[in-house]
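Pasting a structure here, questions to come.
As written, the chains take the letters A, B, C and D, and residue 1 is the first residue of each chain.
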Amino acid sequence: MEPVNVGVINVTGYIGVDLARLLHQHPGVNLVSVTGRSAAGQKLGEVFPHMAEVDLMIEPDLGDVELAFSALPHGASAQSVVECLEEDIKVIDISADFRLKDVDEYQQWYEVTHPAPELLSEAVFGSPELNRAEIAGARLVANPGCYPTCSILALAPAIREELVDLDIIIDSKSGVSGAGRSLKLNTHFAEANENVSAYALGGHRHMPEIRQELQVLAGGQSVSLTFVPHLIPMTRGMLSSCYARLRKRVTLGEVRELYREFYRDEPFVRVVDTAPQTKQTLGSNFCLIHPVIDPRTERLIVISCIDNLVKGGAGQAIQNMNLMLGLPETTGLDGLAVYP
Amino acid sequence: MEPVNVGVINVTGYIGVDLARLLHQHPGVNLVSVTGRSAAGQKLGEVFPHMAEVDLMIEPDLGDVELAFSALPHGASAQSVVECLEEDIKVIDISADFRLKDVDEYQQWYEVTHPAPELLSEAVFGSPELNRAEIAGARLVANPGCYPTCSILALAPAIREELVDLDIIIDSKSGVSGAGRSLKLNTHFAEANENVSAYALGGHRHMPEIRQELQVLAGGQSVSLTFVPHLIPMTRGMLSSCYARLRKRVTLGEVRELYREFYRDEPFVRVVDTAPQTKQTLGSNFCLIHPVIDPRTERLIVISCIDNLVKGGAGQAIQNMNLMLGLPETTGLDGLAVYP
Amino acid sequence: MEPVNVGVINVTGYIGVDLARLLHQHPGVNLVSVTGRSAAGQKLGEVFPHMAEVDLMIEPDLGDVELAFSALPHGASAQSVVECLEEDIKVIDISADFRLKDVDEYQQWYEVTHPAPELLSEAVFGSPELNRAEIAGARLVANPGCYPTCSILALAPAIREELVDLDIIIDSKSGVSGAGRSLKLNTHFAEANENVSAYALGGHRHMPEIRQELQVLAGGQSVSLTFVPHLIPMTRGMLSSCYARLRKRVTLGEVRELYREFYRDEPFVRVVDTAPQTKQTLGSNFCLIHPVIDPRTERLIVISCIDNLVKGGAGQAIQNMNLMLGLPETTGLDGLAVYP
Amino acid sequence: MEPVNVGVINVTGYIGVDLARLLHQHPGVNLVSVTGRSAAGQKLGEVFPHMAEVDLMIEPDLGDVELAFSALPHGASAQSVVECLEEDIKVIDISADFRLKDVDEYQQWYEVTHPAPELLSEAVFGSPELNRAEIAGARLVANPGCYPTCSILALAPAIREELVDLDIIIDSKSGVSGAGRSLKLNTHFAEANENVSAYALGGHRHMPEIRQELQVLAGGQSVSLTFVPHLIPMTRGMLSSCYARLRKRVTLGEVRELYREFYRDEPFVRVVDTAPQTKQTLGSNFCLIHPVIDPRTERLIVISCIDNLVKGGAGQAIQNMNLMLGLPETTGLDGLAVYP
């Protein structure tokens, strides 16, 4: 099979450049076009020296491709998605523009008018474990956020199988790369290093995204969700600790079995019997999930880990691309974690 | 007033040596004796080069002191406490030996027979904000654990004032120094760095300690508590994120006012209006507390931060010592955080 | 003795705020005025939460003080120094404006016209170990840079005692806080963490400063100096590795004796017999120096460590202030390193 | 072509397990056997959860393979090499046992009697850029140490082309994983984090290895070498800063041209025009080299970076294996750096 030509719109952020890295190593596609406004006219390897092997110029506009990843900021991304679709280019949108199905909720959380609300119903939420068939047939996939990826996978089996009350607390810990490549005081090294903090206590934009998908898993029932993200002094990695009250008496063995059954054929989800560590996922597309029962409170606790830029970003986007192009789902994603 | 002679039993751990550092700088006491088994016969500055200014030999046995800190491991510490009390030496026990009031609970969690259960009722739980008067009159103070210090202070106002249901989740994040100076694989640099993990999911020894004190605050009512500690790639610092359902409708302003009122005269507790960061406490005896209401779920969220070795260890022990010796409570503890 | 009123001009950088922290704890002075342009009108504790105990407003202009620290950027700092001196305020200049004695060299390296070259001859290079008497009598002290402090102290005994050839290599390693609080890509957490790099290979501004002082120590002889700084993924701390060929046959014991003799009465310099670590200086004003002989090449190697913001900045400035005000030199600087 | 069966003796160290990771992803070989004494009987994925995808049991003894990597400690490794060769198994020795050609020098630095000195002359020093042909024909390759790899590549062009005096200083900085997986106090997280130190100032075992190879490059002339390693608070990564006096007047352009020419066809060495960073090599087999001239001292400075466990260990070993098996040299090693 001929490799498919693909491109990355706005390659200059951390997910953008990790897409380029993974696509370069992908045997089923050719990365032929990368764009970026501020860096246009420079070679990719000038802006990102680790990419020096890749002979690509950063262009102002997308070249001739069959599929594109849009890694623009929200708002701008939707506009580029529209343009791609008009030219029959399939798109995986890395931004949040097509994740929330409710345009009002989108506009309230993102404080912009949605540029293309008519596409919201067509866009597929790009969680391969939950929406594989729809993704395979989609023109437009909304790649999930990092916190949603980590948290939804942790809770999906419990919610789908009605194991827990729909009143959930998710306490998430993220490496600093999740905050992006734009300079801010709280991600300045001397501020972020040797430090941990909770943030967005008034409400994080990934909360409605997680809640929406949990409600889908709950068959449309309303979910009460407290979500608190924390900034951790490491570059990559994300861990979610999820808490929910068990609805029925189950043993730990039954819970594990339920989780294993749910993810039985998933190539990138591993239900593990010992507490996972983010380091066990570094650079890989794996999600590790560890459900336990707090014996004194009859509460389900689920710990999940991902690399926030791979399974929480570029890797999952490529997994979606593989599905959309009819390639084996794991193509280009079989790297194991770089440990230690 | 003449300085009081004090000593540190087992100075060779991180809290032990931080006690020595703070006592050396304390104007009201003389640190005259430090012990340590493996290091006996060496100068303190040979084992800990940052202490080279302090001219003390590590001895096998405690010298002539009025008050001692016992930083031995649990079990062994209780025995040294007994010996001190027999010689009319006041003791602050850094170990867990006298924290739990119920000897059976102690023996179940620590898997040793308690060497001196007859002292449990006399020992005072060394939380100055909650037990100031008892500490001032005590011969034996059980210095709280780091997680309990951080978590109990976060929740005390809400529980004492009956603001929340007694079904509580505490998700804590600790720097690696909390795991001590003994070598273990999970605290080996290449394993702990760039990594975050939950641990002790089956039950951490600090859980019953937190629950006991929360139940005291709740007037003896039973508290259901889920406590999950996490290891964070930083040396010092601890942050607890506490979750409980509000029992009544209150505004954020009322919650803050209630917290400020509760800690109005406390020299080391600061109720803050922006999310605190562990870095803001590094090296200091402060505890920062930030209560908020999750507007969508009517849940109280309290974020609290300490330096796990100072307010969570050596600093709080010295605060207790000041009370026991009739010194001003802040003596020797007025250092601000070392930022950045 | 009445405390002296002092102020900090431009408190909003890392050395500025560390000056405020140390001055707040200093028993011989009152910090009564702090300035800052962008933050003027805010409380110090709003901009720097760890300083919340200090009840000071950041003002646009300096209040009524006897001595001021100017922590403005170079160029701007010289202008504020002139204004202070005109009002009979003694000044310690944290910037580089009065460090280089040769105005042409200054203008070449800093690419600005010097605003007050007439003060260059009066300004004293604020290295207490080398210029104690001059500092005590000065109106204007140029506080040395961090790299110069660490490197000059490492080499001073060897050069003054003509132990080595005047062809020297200094390979320095600095924590990221040395690059300041302004946001730059290379100090963005995700870029600086898990990374080490050499920088300023074409010439760093601290090179002429080090060379100038080494030449003074060499009695005016010319010194050939290669200086290469490196950025290390830690917040605070600096280590210099200095290499020079021995001019005569000496034993290790003789070298150590020479170094100890040179620094015999220095309160903040410790000549140590085991390789020092930056962690042994964290938050303290100490400089640790470890001279050794490479047995195979007859080369002198000197390793030195400081906290770049304390002995390499705010702490040394306060040491200079103590001398200028006739206070005991160690006042307010007796804190030991915060370890681990 | 049929994949070749290979094995790893003592898979339980950091280079051992990184060999397993890279071999698992290698299309030209099958990893069929891994050994380890303490962990024998466990699954590889039990000891190293990131390897859970690899269905291998850790065995006490090596299975049926054509080529083995021996990652045993020195001394023990030589013995296992002898056994392999007796069974016609080609070996790449990760230990230092066959790197030094002079048995006396080996015994002096490693303080053991060499178990197989008769093999020293046959063993090929496994630096593909310098000894490609010999490696391709070898039965036994001594895989270079991490410091030697990084330093020799930095200096080889300058020495081979007689650009510099043979009096060289190498100041190297290594991530903590280089110290291995065995627990030691100086690699305990709370000790190594936020810390930098020089070590082995009396002489590091990699010094004679570097000197030996530089002397080969110098056509047998004696090289005077000062080598000082430093421990840096990061997991992976190594940077060497090399200093040598230029023997003749050259321009920067000529030096760069000479370096580029020397490494023209090398797939894993990149001569770069901006200062490289270790992060640009993380997880990859690249070595970045940046030669500059210090304009004031006519000194050549060369900065080089590698991932100490890949090009400085497992990756270079696989590069050697590819040569020994007649596979394309880059097979299984084409991963780009994981940035950030």
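What to note about this one:
We adopt the following convention: contacts are C-beta pairs under 8 Å (C-beta built on N, C-alpha and C of every residue); 3 or more make two chains touch, one makes a residue touch a chain.
Source: prediction; values computed, not measured.
The interface with the greater number of C-beta contacts, when B-D is set against A-D, is A-D. Farthest chain from chain B (centres taken as the mean of C-alpha atoms): D.
For this pair, chain A with chain D, the centres built from the Cα atoms lie 36 Å apart. Centre-to-centre, using mean CA coordinates, chain A is 38 Å away from chain B. Rounded to whole angstrom, the centroid-to-centroid distance between chain B and chain D, based on C-alpha atoms, equals 46 Å. Along chain A, residues 14, 175, 177, 190-191, 193-194, 233-236, 276-277, 279, 282, 340 each make contact with two or more other chains.
Remark: chain C residues 14, 17-18, 21, 24-25, 48-54, 177, 181, 194, 235-236, 270, 272, 274, 276-277, 279-284, 288, 334-340 touch chain B in the complex. If you check the complex, the residues on chain A that touch chain B are 167, 169, 171, 173, 175, 190-191, 193-199, 201-203, 207, 224-226, 228, 230, 232-237, 239, 241, 243, 275-279, 282, 290, 292, 294-297, 299, 301, 303, 340. By the touch criterion stated above, chain B contacts chain D in their complex at residues 14, 175-177, 179, 181, 183-185, 187-194, 233-235.
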